[in-house]
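These notes open a run of structures that come right after.
In what follows, subunit A forms one complex with subunit B and a second complex with subunit C.
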Partner chain A sequence: MSVYKHDYRAYTGEVTPLWTRVNVLARYAFSEAWSSKITVTLFTLSLAPIIVFLILIYVANNPIARALITRGNPQAFAIDAKFFLKVIEMQSWCALVVTAWIAPRLISFDLSDNALPILLSHPISRVGYISGKFIALFSSLSAITWFPCLLLFAYQGYSSAEHWTAANLPIAFGLLVGSLIWIAFLSLLGLALSSWVKWRVVATGVIFAAVFVPAGVGGIVTAIMRTKWGFLLNLPFIMSLLWQRLLGAPEFMRSGQSIPTTAIVIMLGLACLLCIAMLNARIRAREVVRG
Partner chain B sequence: MMNAKAEAFKDDLAQQPWSLYLTQTRRLTVIELRRNLVSWRASWIYFLAFVPTLIIFIHLLFDSHPQSTMSDDSNVLAGIVQLYYIRLGIFFGCLGIFSRLIRGEMIERSLHFYLLAPVRREILLLSKFIAGSVSALLLFVTAIVADFVLMYAAYGPAGRAYILSATGLAQLEAYVAIAVLACLGYGAVFLLLSMMFRNPTPAAMLVLGWEAINPVMPSLLQKLSVASYLRHMMPVSIAGEGIFALLTVETEPVSGWVAALGLLMLTAVVLIYSCYRIRKLEIRYTTE
Partner chain C sequence: MGIVDLDGLEVRLGGRTVLAGITGELQGHAIGLLGPNGAGKSTLINTLLGFHEPFKGTARVFGFDVRRERSRIRQQIGYMPENDSFIGNMSGVKFVRYMAELAGLPQEVALERAHEALFYVGLGEVRYRKISTYSLGMKQLIKLAQALAHGPRLLILDEPTNGLDPMARQRMIQVIKEIRKEGSIRLLISSHLLRDIDETCDEVLILKGGRIAALSNIEQERNSHRNFIELETVGATEQFTARIRALGCECAAYPGGRIKLVMPDKIAARDLYVIASELGVQIRRMNQRRDSLEDIFLRAMDSEIGRPEHVSV
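This part shows the complex of A and B:
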């Protein structure tokens, strides 16, 4: 059919607010992430440690069960900052596994199918696109990190005979802030690496390697150069140090070997900036045609 | 009856076109080697292999090397081989190299070209395994030899004397043997995993977790691990720290050649099973 009329006009009707457009992407990303049975399985497995910790809190607060199991040792089953440090560490490892599975599903398909130009031709910016994916990943990770951790804290406060909650509020704060830092970093890292690796299969491995290999390299730097600063490359180690300080748990490093919190924060900030730069370079409305 | 079967098997073997198989293997291996070593995509494996070498080189250039620290550096080198190369470098390197051999071709939708060619599938699989092994060995063995030389070269004449001494050469030989066996063992396992699963990484992470907790497992279960065989071959032993040191189950010391034979047998069994699986391999590109 021939088109003769060329006097097109811009749409003048009501425009949806910018922030709601991000929600559309987040909604679709969320459904894409959760469409896999493996995501559901991983999520369920990630909550299994929470049930174990819940039982431990019950035992710690039940005088009969406690007397039977601990046989008068008051230090056994102590629900304190050290206990919640174990909780946050366990859930954070689970979050890494879930990120390695979900993040490539959110980005790799769009890139490998050359769908980005089509998506970005809609009234949505690159920042909006990344924000939508980030929200989907961040909210999925929230469900296995800070949310169950705070539920455990609340349950301990409810079960404890003493005024436990008021005296231990810094633990709740540490759980929330520590988890938010970790999952925000993981979301950025997962999206950035997935945007650079075309194949979802490879992206899953690269996310794990990006956490473990620098840790090994950091270990080599520490051992060879005889310096503590190599630990800064060891992400699991510096995060454990940060959580331990946020929760107020006892220091596990020797005084001379400890890393200052400022250095940890700067390192995490630099890593986040690198991830943003990677996303900026890769998330563009272009199509690569080879052949 | 048994003799007749054996004779038939011998005849069958003799009638196989071995020279053709050899030519096909050589051609396929060269194609794969080029892909594995001479491409921009392979640069990350160079990074994995040579990053410790770079750090040791910086150490050689800028740090002082009093004679008293030579034994410390021997322990550091053992730690690099045991904790970095075996657990991370060779592990992730082989995961990348060997997963790509079959699964990568499926994702790129090019495996059917090989399967349509008049080449036995076992030849295809073994050629790819040889190419992957040669690539991994070339990179990681070179890196470990360079690490060893650079680590002791910094000590001047004493270091050079140690490198050329019987102790030094035995240590280097053990590290090279460990690297070779690690590449073959992990390579065979990851090649099989890449044929069994659409995404072999989760399974590989389970293998990584298994290898990490293996020292605290009973001695029978320790035999189902690549790292446990290699631990017996380490010239300098690195003990576990913290809770792992308490839980570690010390198995009976095994001589180097028994450990090597055990790992080679594990590799052979995995490869035979892979050959069996590739005969039944079907490609559905739509599900990739």
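This part shows the complex of A and C:
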């Protein structure tokens, strides 16, 4: 085959290993996600809080600036687990916004034009397809969650006294694990819901609804049934609890009303399984041309 | 070993048997897949691609088992689905490159071959346009381009001329013929249109109710009736008939000078003209009848579950 001769020639060259095909999917998904100016804008805005936190760390570690601003209140600029809890919370909700925008772009285009029969007729499985999309979304969210959080931690470690980093390593661990759990869940949720909603704008709304509507329902259940277990449906609440425990920050709930970590993990696990089942059902249904 | 070997292949979808234990060996260079709606054509294609798991039996493509070696089969296949199937938001060249990379071509090679494939099918000028802006004919061609770009050994075309206007259809048929002529790619073409299969294929597999109704080499099937001739004569018809019989032809005379005969291979049509000339008989019409694909298809549809346990051409 050649452009000027218009003849066909068979391909006899090297073929890439099978496992690299997931990377191809991830690369094209990544490119699709970032081809939108809105994605770039959202990403930039998501990093704005990091700048603010960076300045706060600078101020906290600069005696002159601290003296000028805090006016003798040393607790005002304490860089501790509570501070990093605010960081992770802020970045995690930014990640939700970014997910609501990016996830529908990764799946809806394939589904709206019925591209799955062609995509999956290549040496790639359903799991490979989902993995490719997952990697693209997960890596995009990583850039606004655990990565800048750990950079802030590193900067604080660099700016403060030597023993600070060693004494606060659990905070770094909490930032990493807490962010990874959240963005893995968000990626699955975003992909699963996007695969079931044809229109991208609606899919964006559905992703927000999936986080906040059950929270409302959980609140009602808690109030009516007078039980703490209704909070399990409140995703923002249980995630905050989880982050607090991972970072070692003081809990805001009274001990009697607190939810055990095991219950939170089981709840998140079940939600992830539900998302995987939804994805599997949808992709399976759309992978062949019915005729 | 054929290109596709079917060994008691039974496929059930939703508890319903769609392919009922079909056995056969497809060996042709371009194989047509015919059958009425619901005969199991698409199911067979999807099973070969590994989308459906065989309930019983198996199928092999180039010797690779559809159950165990799905990836290796898909590596060898280029698939053009029946319905719209593309990513409308992508440009033609990006889409074909994407598919070629998924098939295992390195990035640079995939880009090069994407350009070549698009020129080859006649979409060179519009390769940077978004696919969503393409006409129906162009969309069919871009599906063909992506199926070709990675240089498959077997090209599966599901209703390639579906919805095309006569010009676009002609263009598609022409491209398919060129691919067949080039020789490195085997073709499996599913179509409702007998004409498409007739023009492009040398072997046909006819499915009916999930079973093989016929599997035949089209050219051989045609040639098996090549000596059946209808004549319309004026003059000494009886003498003429007697002379032809003496030559070894089976023949029957009808009123109005009409004669039907089956000629042995050693006798040519010219011999008939010579006898007619000697007897002063005018041959007004000579109709050398060949079996069309339509005849083959109708015969297959008429027959009961048709074929024996194992069929091959």
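The rule is short, and it goes like this: the second predicted complex is superposed on the first by the 268 of 291 C-alpha atoms of A that agree within 3 Å, B and C clash if a C-alpha of one lies under 4 Å from a C-alpha of the other, contacts with A are read in each partner's own complex, and residues count from 1 in each chain.
Definition applied: contacts are C-beta pairs under 8 Å (C-beta built on N, C-alpha and C of every residue); 3 or more make two chains touch, one makes a residue touch a chain.
What you see is a predicted model, and the numbers here were worked out from it, not measured in a lab.
Residue by residue along subunit A, subunit B and subunit C are tallied for touches, and C comes out ahead.
By the touch criterion stated above, A:89 is placed in contact with neither subunit B nor subunit C. In the superposition on chain A, contact of A:124 is made with subunit C only, not with subunit B. After overlaying the two complexes on the shared chain, residue contacts for A:11 are found with subunit C alone; subunit B is out of touch. Using the contact criterion defined above for the overlaid structures, shared-chain residue A:199 touches subunit B, although it does not reach subunit C. In the superposed model, A:110 makes contact with subunit C only, not with subunit B. The residues of subunit A lying in touch with subunit B in their complex are 38, 97, 100-101, 199-202, 204-205, 208-209, 212-213, 215-217, 219-221, 223-226. Across the complex, subunit B meets subunit A through its residues 48, 51-52, 55-56, 58-59, 63, 73, 76, 79-80, 83-84, 87-89, 92, 95-96, 99, 103-104, 107, 198-202, 204-205, 208. If you check the complex, the residues on subunit C that touch subunit A are 41-42, 46, 49, 51-52, 70-72, 74-75, 77, 79, 81-89, 98-99, 101-106, 109, 113, 115-117, 119-120, 124, 131-132, 143, 146, 148, 150-151, 158, 178-179, 182, 184-185.
Residues 1-3, 6-16, 18, 21, 24-25, 28, 32, 109-110, 112-125, 287-291 of subunit A are the ones that touch subunit C when the two sit in their complex.
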